[in-house]
Every structure is written in C-alpha cells, then in structure tokens.
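Since the structure comes first, as structure tokens, the remarks are kept for the end.
Read from first to last, the chains carry the letters A, B, C and D; within each, the first residue is number 1.
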Amino acid sequence: MMEQRGSGTPAGAIEKAPSKVGEMSEERVIRALLDAFPTAVTDYKKLKAGVLRARIERRELYRCCQFLRERLGFEHVSMISAVEYDDRFEIVYHITCYGSCLLLELITQTPKDDPSVDSVSSVWGGANWQERESFDLMGIKFNNHPKLERILLPSDYLYHPLRKDFKG
Amino acid sequence: MGPQHPMTHGLWNLRIKVDGETIVDAEPEMGYLHRGIEKLCENRTYTQIIPLADRLCYGSSLTWSHLYCLTVEDLMGLEVPERAEYIRVAAIEMQRIASHLMWLAAYAADLGTLAGFIYTMRDREVFIDLLQALSGSRLTYNFPRIGGVAHDVPPNFERDSLRACTYMEKKLDEYDQLFEGSKVFMMRNEGVGILKKELAMNLGVTGPPLRASGVNYDLRKDQPYSVYPELDFQAISMPDADCYARYKVRMDEMRESCKIIRQAVQKMPKGKWRIVAPRNGPVGTGIGRVEDPRGEGMMYVVGNGTPKPYRLKIRSPIFVTVSAAKQMLVGYKVADVVAIMGGLDMCIGEADR
Amino acid sequence: MKSGEGEPSVGQVMVFRSKDFLKWADGVMEGILKKSPIGGGIDFLTKDFFNWATRNSIYPLHFGIMCCALEMAVASAPRFDAQRFGVIYRSTPRQCDVLLVTGPVTKKFQPGVRRLYDQMPGPKWVIAMGECAISGGPFYDSYSVVPGVDQFIPVDIYIPGCPARPEALIDGFIKLQKLIKDNKRGLLTGK
Amino acid sequence: MNLFQFCYGLIHWLVILVNHLWYWLGGVLPGALGDFFTGIGDLAASDGNIAVFAILLEVIIFVIIAFINVLNFIWLDRKFMGRMFDFYGPYYVGYRIGGWLQNIADGMKLFVKEIITPAKADKAGFLLAPVIFIGSSFLALSTIPLGSNFGVETSAHDTGVPGGALIAFAFFAIAPFSILVAGWSSNNKYTLIGGMRSAAQMMSYEIPLLLTVASVFLLAGSFNFNIIIDAQKDIWFAIPLFLGFIVFLVCLMAEVEVQPFDLPEAEAELVEGWTTEYSGMRFGLFMMTSYLRAYIGGALATALFLGGWHGPTLIPEPIWFLIKAYAVFVVIEWARWSLPRIRVDQILNLGWKRLMPLAVVNLLIAATFKTLGWF
C-alpha cells in the first residue's frame, strides 16, 4: 500500500491549475480589463511585481468578477475587506490566479448612506463567508447573498464594531 | 447535533444533521473566540500590534507576527537586512514544524491513538526549545520586528538547529511507521473527506488541504517572499484529495522544512539584523502574503500617517477553509468528522480573530 | 388539597406522602448528624482521609480556549508530565473537579462557560490560567471579551503568564492541593 | 481440600459457636418458645444452610480478590502506559510503592463527589444501568476458578461449576445491554449514539468470539472450566488453536472495549460516550468495572487457551493463573495504546468478513484434531 502511494510527489509532477489565457503578464490583465469594461475601470496601477490595483464602479462589479474568473483565470479570492473612510466605504477584493500567481487588488466604492454591493459568492464559493464577515463587522450589505447573517458576533448584536463611530 | 467543544481544536460549533450515523447536513458556527483584534489594532501603535498578531494563532504565532511585519514593511517601504531575513526564515520553518507536529498530535488524539499524541508532543519540545533560545518565550514569541528581528541568534544556534533537523528526520520516519504502518489508520483516512480539485479551488481552500487536492500552489514557491527564492526546496502536493493526502502533504512538508532550516542557518550572512523603522506609517496601503502552516495568510493595512494603522484586515486561511466543511462532510459517518475536521488543522484563534 | 406545595398552613390536614416522609427523615438524620457529636466524630475520623483523596486526584476538564490550551496539553506530555500528581483530563464536566479556563472568554461564549461550571458536580474549583482569563490580557479593551472570568464564576487559583508555562500550570495544581488541604471539609458538614 | 470445603468448615464452626446460644435458650425457655429457638439452631446447623453461606463466603472471597486485581490493573495500566510514552505515570501518591495509592485516592474522591441525575433522564434506567453492568460482571467473574481447588463450587465433591464457561460468557455478554440502557436513559445525544454503537458492536464480535470458544469446548469436551484447564496439562490450546487464540484476543478487546474498539466512548467524537452524564461514584463504578472486565477477559483467555494454573509447581496455582491473566492484560494494553480507533461500519466489516470466517476455519481445525483423536 505504501509503495503504491509513493512518498510525496515532487513539484512539477502535478500540473498547475490550467489558466485560461496561459501565462499572463500584468499588462495583459490590465489590457483585457480595459477592453471589457472601458468605462467602469478607473485608476489601474501596477504596485509591484505580480501585484495590480484597479478600481471599478459598483454596478459593474459582479460582471467584472465573472469576467475575471471565466476569461482571465482568477480562480481564487484571497480576501475581501471593507474599509471605512470619512465619506465612503471601500470594499477591497484581493483576487489571485493560480496559474500565473498574479494578485489583483480590485477596489469598489459605496456611498456612506447605502453600503451595498452585489455579492460575488456565486462566482467564488470562498467569498461567501468573507462577505458575511464584512457584513457582520462593517455592515456592508451584499445583494443576492445566500445567507447574509452575523457570523462572528452573536445574532442579536446591535452594532457593527469595525465602524469608526463604534466605541467599545 | 452540535458538539459544543469538539475536543482538541478550540471553540467552535459544528451543527450536524445525521441520519443514523451518516451526515446529511453540516453547518459550522464560528465566533466563540472573536476578540475583535482588527478593532484593537486601530488603537495600538504599529509596534504594539506585534504581540497581538502573535496571539492570532496559538499554533503558529511566529508566522503571524512575521506576516504583520512584512505587511507594515510593505506599507513603509523598508528593506530588511539579509541576515534578518535568514533568521526569520529559519524561525518560521521551525514554527511550521512545531505547528504541524501540534496538528499531528491533535489528529492522533482525535483518531484515538494516544501514542501519536504523546510522541509528537515530546518531539515538538525540541523545536519549541530552539525558538525559546531564539526569542525567550515558548508560544508567543514577539520576535520579528518591523525592519528585522528582535535579537541576533544565540550562540550555538546553527549546531542546535542542525541537530534538531537530523533528529526530526529520524523521528518522521518513525511516525510513518507508527501511522502508515497501522492498517486501522489507513482505514480511517483513505477515501475519507474527499474535496475535489475544482471545488477546493472555488471554495478558496488554501494550504495543505488545497495541495492535497492536487493544486500545487505554495506561496513560498509561487509568489516568493523573504529569501525563499534562494533556498532549494519543493512544494508538496498530492492528487488524492482525501484525509490521507492531507496527512502525507504535511508530513512531507516537515521534511522540506528541515531542509530549509538547514540551508538557512548555513547560508546565514553576517551583518545587521535590524534597521530602525519610522514611528509613523505613511499614507497608503500595504499587503503581505505568506504561506502559513494552515494556508494562505494575508494582511492588508491602511495607513494614514499616524503611529496607528487606520485599518488592518487579516485574512485567515482557516476561516475560509472551514466554510468548505459542508462539502467535505456530507455523506460520511459521524466518526469521520474528527478525521476530516482534524485533517484541516483547525486554529480558531486566527479564524475568529 | 394543597399538600406538598410549600408548608401546610395551620388548620389544614397534613398529608404525609412517602416523598415527604423521606424528606423529613433526611432532615432529621442530617440534623442529628450535623449537630450531635456523632457527625463531628465521623467527620473527624474521615476528614483527613477524604481530604487526602480529594487533593490527590484532581480531574480538570479537557477544554481548551486559546494559547494556554496548548500549554495545558504540553503539561500532560512527557516533559512536564502532570500525571505524576494524579492529574487526568476528562472530557465531560460531569466527571471533573476543576474547570481550567485557558483563554479569553468572549461575550458570545460566556453562557457556555457558565453552563459548564454549573454542570460540574461539587466540590469543584476553577483555575484561571493566563492573563486573558484573569483580566482579559492583551484584549482588555476589546468589545467582545469579558475582562476576567471571575466576573461570572468564582475563581480559586490564578496562574499568571501569557501564555502560562507548563511549569506554572503544575505549580497551580500544587497550589490548589494546598488550598484543598487548608480548607479542610468533612464528609457531612459542608464547607 | 477445596475452597468449598474450607468455607464449609469455617461456616460450620461459626454456626456451632452461635448455636450454643440457641440451644441454651431452647433449654431455658419453656414450651413453644423453647422449641422455636431449638428449631432455629437445627435450621442453622442443617447442611443446606451452611452450604448456602459457604457459597456466599466463596463469592465474597472472589470479589475481594477481584477488587485487589482491579486496583492492580488500573495501576499497571497507567504505569505501563507511562513507560511506553516516556513518562512516569502516577508517582507522588504513595511514591514508596510506585504510586499505587493513586487509584485509592481516585476512588475515595469519587465517593465525596456530588451525584447528579439529569432532570430529563429516565430515572429507573439511569439507576439500573450501573447495577446491571457491575452485577453481570461479578457473576461472570465468580464462575472462573483460580486453581484446581480454588473456585466457586457448590458441593464438596464438585470440581468446578458444571457449565461454568457457558454461564461466564452469558453474563459477560450482558454488559452491552446495560450500556444501551445507560445511553438511552441519560437523555443525551452522545450517550444515545454511544449506546447504539455498543449494540452494533456487539453484533460484530460476539459470534466469532463464541465460535472460537466453541472450538475449545470441542477439544476439551466439556463446559466445565476445571476440565477444560486439566485438558491443557500437556499442551496449551493456544498452540493447536493459534488462529482461534488470535481471533479470541481481538474479540476480547472488542468485548472489554479498549482502544481500537472503544467506539461507545470515543472520546474525540462523543465526549465520553455513554458515561457522559454519569458523575460521582456511579462513574467510578463504571470505570472500575471496565477494568474488572479486562481482568475477566484476561482470566478467560488464560483459562481457555493458556493452560490456566498449569505451570512449574514452584509457584502456587492461583498465582500462576494471575500471572498469565496479567500478561494477557498487558498485551491488550499494548495494542490499546498504539492503535487508532476504528470506525463503526468498519468494525462490522471486520467482525463479519474477517473474524467470522477465521473463527469457522478455527472450528474446523479443532474438529479435525478431535476426529484424528489427538485430543
């Protein structure tokens, strides 16, 4: 039994996750994004090697994420974080591609009085709980989320503790 | 049915609906250890957060303080001296072995073999001792600093590390005999908790569970940080996607870690081990990503020019991995819950933050 | 007929049921044993022995919260070996003497800890291990952490340290043994 | 002189001592009252009465021996585990005798603990389960002789209890029933699953266990322990029936619920399994009885396969018997501490697909030996 299983497959014996476009560079991702969403994508920038930043309008977010996953092979959403500023909420998606290992920092903004964006949990299953966490701690509403409930705090908790106006 | 505290892995609640002994539905419930670290960080200065980051995950605290320092260095644009990088890498890999051994101990205890628990706990002490000599503490080290590490290595560190690696490699073979030689262990593990490759990728599972599903994605290789590109090691992955594959990936990772420690302590250059970091962080953002023993650890810091960060977001690998519990559990027996969830290496401290 | 509900009022016919009789007999027996020298004598004879047994067989609850839980596990591993003192971890609160609180108790989990404490059979003790359990530790100003478990359950032994080292835990067990020895209680007459 | 004769003599002597009083009273008091006391004296001195008391005394002797063995077993278990795992085991309580007093401390502590009956529990079942568990175990114990003249016998001419082995196995197998009662009546999901698992587990191991035992009966030609053990004077049954011995040991581990087969109290899954709701001395009795069952298991293996009390005559017979029982126990513990726990469907597979055919093969081997006339 042990001999069949072998001991530890060396790297390269298993292929990397196939990316749809193959090896992509930062520029190609940006060009593809700009081609697909010429008006919605603003303020794109290469931060350092392998890390990109792009801002996107709230209304195009869901379609953009679908595009990223299906066309550009960004299969993994690393982190969804919400940041509160004086005049707006920013929701930051860190999206990774297994094939080329690029990290895309996708930022979308919501106004303070209407903190809601489309849920991307149907695109990436891993986004489900992270969106719930953002809702729990920051109070961002995600439209079309399958189960938008509190996850870390008790379900009868009244506040969203990460907001700046919440004091202890 | 909900175990209020399923023995060894801290506080979380898994609601399982069973039909006889077969699981038909599962819903993990988190948050019993939510301490609000992200909020606390907004009231601490950059240096004061290092101990807090240590206490994120009790299994591998050094990884998290290291990740925090990486993130803030990215924010401040600091270049860390090379000696500090090597010390960090050696320490992280020791921490990784200690963490994996902790996992193995808990896993063995879950599966009911006390021998595995006791032996791994005994051998974990070797690496805890090394880290203690390095930093002065057993579990929460408070060792990395923004711009380097707190101390230089103690005398005889190289000799002790090499000795520990040799000892560990011998012991790993012994564990293989203890676990894989046991028919019962294989019966409990093979073909249990299968998480298909596509599902694992979609659900955001990272770390050993992902690599056990056949995706060779290791941040140390794929998006190298620190001095990993200069070291010779392999990223381990297995195609079987069951509990045994997860076990095997971790065991082989320990072997690779021994190799890394060896190279790191031998290649360690002379020089400074710390540079002074500015007190105030600049306006801007910083990202850090490391390969935690449990998966992809990530931090995102927003600075606003004051000594305190404006926002610090922590990505916990276990928090995302646990959300895949339902897909892994449904269809198996109640007794498999411990094998499957134990195979994920739960660490509630970082998941609940 | 309202017998059996509280005290029978004057003028009401008292009805003795077998349960009432048992209760009465228990009360009389207890009264005799507690007040007369017989109880004292029995206590005097058995006190030392039962006290010795109680302090030498401490079963803590196997219940980990955070960092200290690892040190708790290490304490029972070969290097520190708490088993020498008869410390055995049991998983169910029904069979335990000591509730080891090994980390910060959040507000979400506070009722759970309280219930664990209530489920334990007496005589029972509580050890607060580590800074978090004593006072909240590094999370003292958090919105969701109870600053110290002594706010809702009585704590007998405090073990400082963040996390407390295994030696400190064993020292805590020995302190607990001394505590039990000092507060000597008999078999019949409570504390 | 066997144990029965010894006890009979002892009781007889005591009765005669007391009977002086009755006969004196009968002589002093007049009329019917005097006849009454004389009647008491006659009754007490009758053969049947003394025999009943003698049997009771025998049982008490056996229970005391069992208690001492249980204390030894718990201590041995912990010490052996400690030696396996690089630590001392119990050490400080009674350190002059290797921490032996630890068990007594544990037991005494459990006496002073509060006993909780859960509010929603089925009271009768909750109380009855420990009684069944302990009672059946002691009954099984009392039929196993420790020496050719050292067993619970019913008359001076008996050698062993007729059908003793059958009685022993019958009572030994009652325990899962009490576990089921305990699990159901505690009204807790873990205990219920534990009890159900115990019942499922019994299905898997009981039949191979009894089939291997049947092969021993076949070779020895009797259900009487004394005859079975005497048949092993020249060669232990473990040697011709080696296959059966292994199957028997595996089934025994399942029967006494040690580690690879301790599904009913799987610690990681079901908190403490079926004992979850028991506290205080009730739990203590459960724990004690589980070690008692290990002792019974060792004794059964010794009696059926390892030649019982036969050995060099230098050491007395009961000591030989106990040494062998302890050795079997240590082997069981060795496997216990180094194997992971098996799953509930796997134990059914193991019982029906592996152990059962082996047991049947073993029975065939025994039948062949018997037909060839080797035994």
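Convention: a residue touches a chain if its C-beta (ideal position, glycine included) is under 8 Å from a C-beta of that chain, and two chains touch if they have at least 3 such contacts.
Not measured: the values here are computed from a predicted model.
*Asks:* Quick check: more C-beta contact pairs at A-C or at A-B?
*Replies:* Between the chain pairs A-C and A-B, A-B carries more contacts.
*Asks:* Find the chain most remote from subunit A, comparing centres computed as mean CA coordinates.
*Replies:* D
*Asks:* Measuring from the mean C-alpha position of subunit B to the mean C-alpha position of subunit D, what distance in angstrom results?
*Replies:* 48
*Asks:* When the C-alpha atoms of subunit A and subunit B are each averaged to a single point, how far apart are the two points in Å?
*Replies:* 22
*Asks:* Taking each chain's centre as the mean position of its Cα atoms, how many Å separate subunit C from subunit D?
*Replies:* 34
*Asks:* Where in subunit C do residues touch two or more other chains at once?
*Replies:* 77-78, 91, 108, 141, 143-144
*Asks:* Can you list every residue of subunit A that touches 2 or more other chains, as numbers and ranges?
*Replies:* Touching at least two other chains: 153-154, 161, 166.
*Asks:* Please output the residue numbers of subunit D that touch at least 2 other chains, ranges allowed.
*Replies:* 85-87, 267, 271
*Asks:* Which subunit A residues qualify as touching subunit B in the complex?
*Replies:* Residues in contact with subunit B: 1-2, 5, 7-12, 14-17, 47, 50-51, 75-79, 81, 83-84, 92, 94, 98, 101, 103, 105, 124-130, 133, 137, 150-154, 161-162, 166.
*Asks:* Tell me, which parts of subunit C touch subunit B in their complex?
*Replies:* The touching residues are 62-67, 69-71, 73-74, 77-79, 91, 103-104, 106, 108-109, 112, 138-139, 141-145, 162-163, 165.
*Asks:* What residues of subunit C sit close enough to touch subunit D in their complex?
*Replies:* So the residues of subunit C touching subunit D come out as 49-50, 52-54, 56-57, 77-78, 81, 83-86, 90-92, 94-95, 97, 119, 121-123, 187.
*Asks:* List the residues on subunit D that touch subunit C in their complex, please.
*Replies:* Those residues of subunit D that touch subunit C are 78, 82, 85-93, 99, 101-102, 104-109, 111-116, 267, 271-272, 275-280, 283.
*Asks:* List the residues on subunit C that touch subunit A in their complex, please.
*Replies:* 107-108, 141, 143-144
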